[in-house]
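Input: structures, listed below.
Across the two complexes that follow, subunit A remains constant while its partner is subunit B and subsequently subunit C.
Let's look at the complex of A and B:
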């Protein structure tokens, strides 16, 4: 990819980041929601600890685990909604003639939004988790979670792009999104570390990208050493590649079947 | 007057239902996927409760009942009064103009404008959760129906209040949606997790307590006193919502445009 091409898509990211910076209401809403969820779960984990469940070292690390998984998930902008609307309205047709790839432009736009959301939500995660637990994980753990979590959020953004492209065939991608979201919830270990799920769920999760995107980066704060940074990096590279190939294939298939009516 | 409004509401619901099921494939997909969505969410509780038998006195069956109760009430709300979540946009965009010219109550008309097919999935899965909890006998079916209806009325009333803020504050879509989601979120977690000021808020400003906790208490151990309280509260919130909407309607600025709803 040439420097000119990179600059072109960087411009898409810059524009969307600037817009996101100006229209912060949705972001503030997400931050408030994030704080509430962490509050609810810190209370839940305290109740679980009272009930004598042998979870991680203590409930505090589980609150930080949730803060990390939610940060990764909430940072990824739901770009599938915009893509779905563009496809339903037919606006996508005008974009096909532009001297920029529709898929890369949408991804760059999503990345710009992610770049604005991640720091705000990360700060919310840190402050709320600290407020609810009065404890922070070791700095070395946070230094692993932050970069790997950001890359995971980027891959999730690309997956949202793929879900949005399904609108070429389905019109309404909401049902696919719901199921995808809940698979992320369970197989990704969003609220509960995967080790606490039955063995068959853990085995099924291993064949999906979800654990590499959520549980693996977040489990670093649990201090269980379940995954090394090297293995985490390898898994993220593999799933990034698979996602890129799948999204690009879907778009080629979709464009080859599009019927454009003039007028 | 009241009978006229009831008959209008019934006709509105029937028309919406016909419109919703007209696209049969899309309808079935939305219903099935929403039900799947709810069952997948519940795997979290199922996995957690494999490790602990009770959470401050709540067992898996109680959580199933709470989840089922809220899902059914939410489903009923978005099926019958799906417009509630769009009220803010109707107000901001001047979409109430076409309703103001009609000889029927604006609020009822607006609420009935957007029936969500996925609501049937919530309703059905909610009922399955309630039955699955193993705590309800067939003799309690009338109480189940009554508490689900009362809970749905509170959902509608809260949504109306949250989204009617647009009359005074303008663009409140995001804030109102967040309040609505907070109400749903809090109502899905067991009551004993929350205490102090938060508990007070959950029985007043954000009445998750009346949407989920009190109905579950009634279903576990029916009592006339609790049913009366729930009815009284549902009526109170509804009256408040109608009052606020009608007050707001006086401030409504016409969009001066033609819109077709369908």
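Let's look at the complex of A and C:
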């Protein structure tokens, strides 16, 4: 990829980051929601531990685990909504006519939003988790979670792009997103580490991208050493490749659908 | 066809496969879910025309005539089923990217401006997208902002702009990379009279100054008359008429509108081919079918009744000319 091409897509990221900076209320809303979620769950884990009920992991670690998974998920911008609206309104015709790849332009746009949200939400996660637990995981764990979590958010953004492309066929992608979100919650181990799930769910989850995107990077804060950085990197590279191929294929199909069926 | 044409279409055709209309009843609906029966709809049917560089052409047709499909094929967004198309010497479906650098598009009901940001941010993004040298691009933004009288609008968030202001910015956005050809799809839709006049004037001026070829679709005949010199009329994807707008009027203008201001309060004109549109207060408005009764005969008849203080003779509005053209096409008797 030439410097000019990189500059072209970087411009999409820059303008969407600028727009994200102007839409601060949405970000503040996410930060507040994040703080509430962490507050509720830290109280819950504390209550469970105080009641003498068996908890498979240290309650403080579980709060940090949740902070990591929520940070990864909330940082990924829901670009499928923008794509869906552009397809419905017909504004997509402008992007299709530009001398730029539609898929890369949309992805770069999402990445710009992610680049603004991730630091703010990451800071919220750190401050809230520390405030609610009075403890932080080792710096070495955080240095693994942050970069891998950011890459996982980037892959989730690409998956949202794929969901958005479905609007070329479905017009309304909300049902698909809803199913995807629930799968992410369950198979990704959003609230609890997958190790606490029944074995059959763990086995099913292993065939999906969800554990690699949420549970695996977040579980580093548990200090169980269940996932090595090498395995994390390998899985993220594999799922990034699969996502890129799937999204490119979907876009080609979408364009041919428009050509065949009009729109 | 001239070799140096900006646009050349030769027997261009495009069909779409669409789902058949849904059946009624639960069982039929369930069957529809699985059968997915489709039918083929011909959107563009062996369409041929060419446009010379610098021409300003109105592309006219009723809803569903195939105008937007043709524009999308010209921009390389849709691939034709048959026939040849060249825009600025390039084949749009195969050389879309190269062509994109040389054409601009304006879709009246769509937007390419970032809604929360000032237009300048979109303009700067487009500079990168079209790979324009940065200092040159800044000069171009300033020059077009001046021509389109954007002033402080370039730094005002798009959400605060009126529709007319936004459309001026949309047109500037489409001209920033100095395209040789501009496709406009209803650029004045929804604008007030004053904003429409401004947009038309600016389009005309810009095309004159930079020799930009314009292909404009609109249902507003004012756009066609004030911006374009030639009209291409299509219906059901087929060419109905192609020629100067003045000739379109002459070919289809079977009637003139005449307003007479007379000494007498009312005029009684019962001549064949003469229809009184309004009468009273010393003013009579007539529509005269010239093939049946010549204008002079009508004026003579009026003068026999009273003195005529003033008279205005107008062509029928272009709207009516086009309606007549569609009606004639429906009966299959369009003159060549």
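One rule holds for everything that comes next: the second predicted complex is superposed on the first by the 250 of 263 C-alpha atoms of A that agree within 3 Å, B and C clash if a C-alpha of one lies under 4 Å from a C-alpha of the other, contacts with A are read in each partner's own complex, and residues count from 1 in each chain.
Simple rule for what comes next: a residue touches a chain if its C-beta (ideal position, glycine included) is under 8 Å from a C-beta of that chain, and two chains touch if they have at least 3 such contacts.
Source: prediction; values computed, not measured.
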{"item": "First (subunit B), second (subunit C), both or neither touched by A:244", "value": "neither"}
{"item": "Partner chain in contact with A:146 - subunit B first, subunit C second, else both or neither", "value": "neither"}
{"item": "If touched residues of subunit A are counted for subunit B and for subunit C, the larger one", "value": "B"}
{"item": "Which of subunit B and subunit C A:258 touches, first, second, both or neither", "value": "second"}
{"item": "Contacts of A:18 with subunit B and subunit C, given as first, second, both or neither", "value": "second"}
{"item": "Which of subunit B and subunit C A:81 touches, first, second, both or neither", "value": "neither"}
{"item": "Partner chain(s) touched by A:35 [first = subunit B, second = subunit C, both, neither]", "value": "neither"}
{"item": "List of subunit C residues in touch with subunit A within their complex", "value": "16-18, 41, 43, 69, 72, 75-79, 97-98, 100-101, 103, 105, 107, 109-112, 114, 116-117, 121-122, 124-125, 128-131, 157"}
{"item": "Touching residues on subunit B, where the partner in the complex is subunit A", "value": "26, 29-30, 32-34, 36-37, 40-41, 43-44, 47-48, 50-56, 118, 171, 174-175, 177-178, 181-182, 185-186, 189, 192-194, 198"}
{"item": "Touching residues on subunit A, where the partner in the complex is subunit C", "value": "4, 7-8, 10-12, 14-15, 18-19, 22-23, 89-91, 93-100, 258-262"}
{"item": "Sites on subunit A touched by subunit B in the complex", "value": "25-26, 28-29, 32-33, 36-37, 39-40, 43-44, 47-48, 50-55, 171-172, 174-176, 178-179, 181-183, 185-186, 191-192, 196-198, 201"}
